[in-house]
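Two complexes come next, and they have one chain in common, chain A, joined by chain B in the first and chain C in the second.
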Partner chain A sequence: MATTRILEWLGRFYIVLLLGFLYLPIIIMAAMSFNASPFYQLPFEWTTDWYASLSQNDQLIAATWNSIEIAIITTLISTVLGSMASLALYRYDFRGKKVLQALLFPPIAIPWLITGTAMLIFFFGVGIGRGLIAILLGHVALALPYVIVVVSARLQTFAPELEEAARSLGANQWQVTMRVTLPWITPGVIAGGLFAFAVSFDQFVVSYFLSTPGQTTLPVEIYAAIRKGFTPEINAVSTIIIVVSMALMLLTARFFKFGGEK
Partner chain B sequence: MADQLAIGSRRGLKPALPLLLPAYLWLTVAIFLPLSAMVFFSLMTDLPVAGKEWSFTLGNYAAFFSQSLYSTLLLSSLRLGLEVTLWCVVIGYPAAYVLAKVLKGRSREAIFLLVILPFWSNGLVRIFSWAMVLREGGILDTALNAVLPFKINIDLMYSYPAVIIGLVHSYVPYMVLTCYLTLQAIDDSLIEAGRSLGASRRQVLWRVIIPLSMPGLIAGAALIFVPVVGSFMEPRILGGRTGTFYGTVIEDQFVSVFNWPLGAALSFILLAVVLIILALAAPVLRRAA
Partner chain C sequence: MAGVQVANVSRSFGAHKALDNVSIDFADGGFYALLGPSGSGKTTLLRQIAGFDFPDAGRIAIGGESVERVPVEKRRIGMVFQNYALFPNMSVADNVAFGLSVRGEPKVTIAAEVQRALDLVQLGKLGGRKPHQLSGGQRQRVALARAIVTKPRVLLLDEPLGALDKALRVDMQIELKRIQREIGITTIFVTHDQEEALTMSDRIGILRDGRLVQEGPPEEIYDRPQSEFAATFLGDANIFRGDATGSGIKLPDGTTIAASTGAAVPAGAKASCAVRPERIRISPGAAKPDPANANTLTGQVSKRIFAGNNSTYFVDRDGQTLKVIVQNTGAERLAEGQPVVLSWSPDSTVLIAA
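And then the complex of A and B:
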């Protein structure tokens, strides 16, 4: 028994080490955004100057607004289209259904480098070109499979008898969907929407290939800035991004259990 | 009407079509047509724009096979993928085990969330945060020199190990997630049965726990290996001049050299490699499902 207890404590200690590995760089990066030295020199001197200069950086601000707008539109489109598709995949049985479900995996499984360059080639070829519209087209396609998977998981817990009951009480198809099915899957739809927002807001690779100067998103601007050289201003904007996306995921976790536990 | 009222899912593609079409049309326009277009482009001599002359050619693929540079880079990308995946197994599997079998209740839920939270935050920003830690005069350098009695110079920035560290940090939560899900599904009584029948801790681990959690390991490995082989941003930022990999060469073709047909051919070769790997992993994954 003693060995078991020692092993358990070692295990707990190991988890703490892992969390240190995962969070220390992020914490250091964030701390440096409040440090006065432009060359990241210690000792630490508190300042919020970098955030102030960030608020003067029109290019970054424009890119931030683009990112937010694209993420919101992506969320709206992909949750509506994705929920519709999940409902169809849940309700109906037809030939080729397995194929349709399998087709959701390429956008998730194929490296973004390949999808991104392929989109660039195709959009260029058909005249859509690069820019915000192209980025939006790409983001929705990347977010859709996540929405469908999350909403479908929620639908698995739905009892079809409820729909039958409503129907036998005289409700038509539209009423059944709006009054019975939709309220049940709402947590799944919200979680799917938050996933979609995160996928879009954090997306870098696909946006990178589809952006043009003036029509870019925040991660693309940050990448360009990093390649020019490190400045605490990048730390400041990175800190904001990381806080926003972590807050979003915490919110998602409230609606959707990742661990598969009930 | 009568059969529509039957319990369970209903038959027929027709009523499902209006619900399915918008989503799948979108996926077709933004994913499947582009992937096909990429194959088409990879067989061209030049871009078919602005009245440029172009014809079909296998030259872009010939370039891959005749110039050892590309195959060498693909091999080094595959090696990078393998090394990162192995590190993720070594670091992630024990963590998944502790989460699934040692921690209980609320603390398990909270720590599980903490482990996978960074994974959902911006990858670019996390790679940048490692640049802060690893560069000369960075935090690692300063901290070690403050503790150690002798002077050492830690300058891991712009090196192969830096790329590995950054990528492992980015992808290890995947491994923890997939292994945790399979480990959690293993019935504790199986482990106890093994122990009570006289198996040592080590035997139980190798004969019971690891074989049963294999689907999670394979799924995690596939989910990590595939994007790492195609990575370009991480090697660029952390690897500097040593960070030339297959992915960075593809990026170059599209953003600086502007040889799109060659880029398309290189992308398509990468896609073929990725599909082969996923096909090899598929049987194991299907057995798990």
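And then the complex of A and C:
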């Protein structure tokens, strides 16, 4: 009895420690975005000045919008392409399929620094150069394998008889896909889309290589700002992003009950 | 509604011949069972008829129209899968409506047809449920309703009762037969369960290693099997092997067994005889042989299994174990180890060419 209680308390302590480890830095940062002192000085003095000055910081705001736009477009393109690729890999057997599937994984493991350098050289070589288009192309390339892996995993749980049943009832390939297969893999497609969004929105290394001074994304802009001298505006913009992205995540989890599917 | 003709169909997967020159005629409105052990090619044959897979050679016709290169979605067939394959994201009614809906039928027609089909399988009130809220038997009925609502030319069933427990399976056999009679659809039914094949079908095709072994009405196959395999796969049989005498066979020990049914085997050739366990009379060793049962052997009871309405005796005779089934008529039961006389009529003995 006594040991069980001790173990129970140890378990709780561990959870608290884990959550603290994950969230404490974020909470401190969020708190500091409301602190008057730019040098993290205590006592805490409530202010919304940093949010006011953030609203004046056109460069940071432009970078934020760039990031959001690129992340959304990356998500759309890589989710559609990736899901189609997963379906093709699931349905058809063709020469070199195994090789192709094996080649999908290395890009996830190759350091972004190397991928970024390679992309920069390649984009200059083919005349795309740097800028938002280059960043977008780079992000799609980075996000695609994640989408394919997640959607393919979901497809592994799909019963192929369902497609056969639909065909036996007279459905053509398009109707089979839209009405039977797609509804089943939707949670996988959403999860893949979230991955794609995260890969793009968090992306620093590749974006840094491919951006030009005027046209850049939020992580690159934050990095540049910190190098010039830290301002709590960074805390403010980060806090806003954290709140928005956590809300998005919670909403998705609520609607698609990951893992809890019947 | 239409008959199905399969003519000289072969299909190989790599070096494996899944179907080897199979020809079989399924008449319009009949109920056929394709029976065979796993790997016999029965499911492959069904998938050729459905159009999921195309034969390497041969012809398949539905209603007189060649279909061997027509894909499944254009064949107008109905299929029930072993695990039902209901669409999990759709309600029961939407599952049944699927075939009509992809065809673009008007909503009013669809609703009426779906209701009729659900009523036919006695699930009229469950249209709003999701498949996971149904029992196995109910899912089976939904799958059937979904397959027949489109008025297919032929209904194909792939071991449809395999996932149900015994009692439910018997109910569904009766139900399936009733529905098939009511709509009069040509039905081809794959099973490895010989009892199911015997009780449900008008004709049975027995497959083995990709070949059609025998085809005909259940009574004919049971009473006159043309091979040892057919004799032992459909029902139980005692097999005796020896040399043909013209009117039966002679066993290696000199005993003759008279057979008046089965193949004509020239005297001297290798042949075997099959006798069903319930056709053999068993009596205590001292009893006089019965003249009507001209075939007589002696042996010793090695084991008795009592099953309520009948008992199965295992009788050792010269190294061979024979099986005899005796109805429970209240007569004296024989003890294990007791010497016995087995006798049966030549009419119950089927001669099979080796």
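Assume the second predicted complex is superposed on the first by the 232 of 262 C-alpha atoms of A that agree within 3 Å, B and C clash if a C-alpha of one lies under 4 Å from a C-alpha of the other, contacts with A are read in each partner's own complex, and residues count from 1 in each chain.
By our rule, a contact is a pair of C-beta atoms (placed from the backbone, for glycine too) under 8 Å apart; a residue touches a chain by one contact, two chains touch by 3 or more.
This is a predicted model, so every value here is computed, not measured.
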Which of chain B and chain C A:Leu169 touches, first, second, both or neither: second
Which of chain B and chain C A:Glu161 touches, first, second, both or neither: both
Contacts of A:Ile28 with chain B and chain C, given as first, second, both or neither: first
In the superposition, chain B vs chain C on chain A residues touched: B
Touched partner set for A:Arg179, first chain B, second chain C, both or neither: second
Partner chain(s) touched by A:Phe44 [first = chain B, second = chain C, both, neither]: neither
Touching partner for A:Ala253 - first (chain B), second (chain C), both, neither: first
Chain B and chain C contact sites that coincide on chain A, given as residue numbers: 161, 164, 167-168
Residues of chain B defined as touching chain A within the complex: 5, 7-13, 15-17, 19-20, 22-24, 26-27, 29-35, 37-38, 41, 48-49, 91, 94-95, 97-99, 102-103, 109, 111-118, 120-126, 128-133, 135, 137-139, 142, 169, 172-173, 177, 180-181, 184, 226-227, 229-233, 236-237, 247, 250-251, 254-255, 260, 263-264, 267, 270-271, 274, 278
Chain A-facing residues of chain C, complex: 50, 52, 71-74, 76-79, 81, 83, 85-89, 98-99, 102-103, 132, 146-147, 150, 156
Contact set on chain A toward chain B in their complex: 8, 11-12, 14-15, 18-19, 21-26, 28-29, 32, 40-42, 77, 81-82, 84-85, 87-96, 100, 103-104, 106-107, 109-115, 117-125, 137-138, 140-141, 144, 148, 160-161, 164, 167-168, 198, 202, 204-205, 208-209, 219, 222-223, 226-227, 230, 234-235, 238, 241-242, 245-246, 248-250, 252-253, 258-261
Complex contacts: residues of chain A adjacent to chain C: 159, 161-162, 164-172, 175, 179-180, 183-184, 262
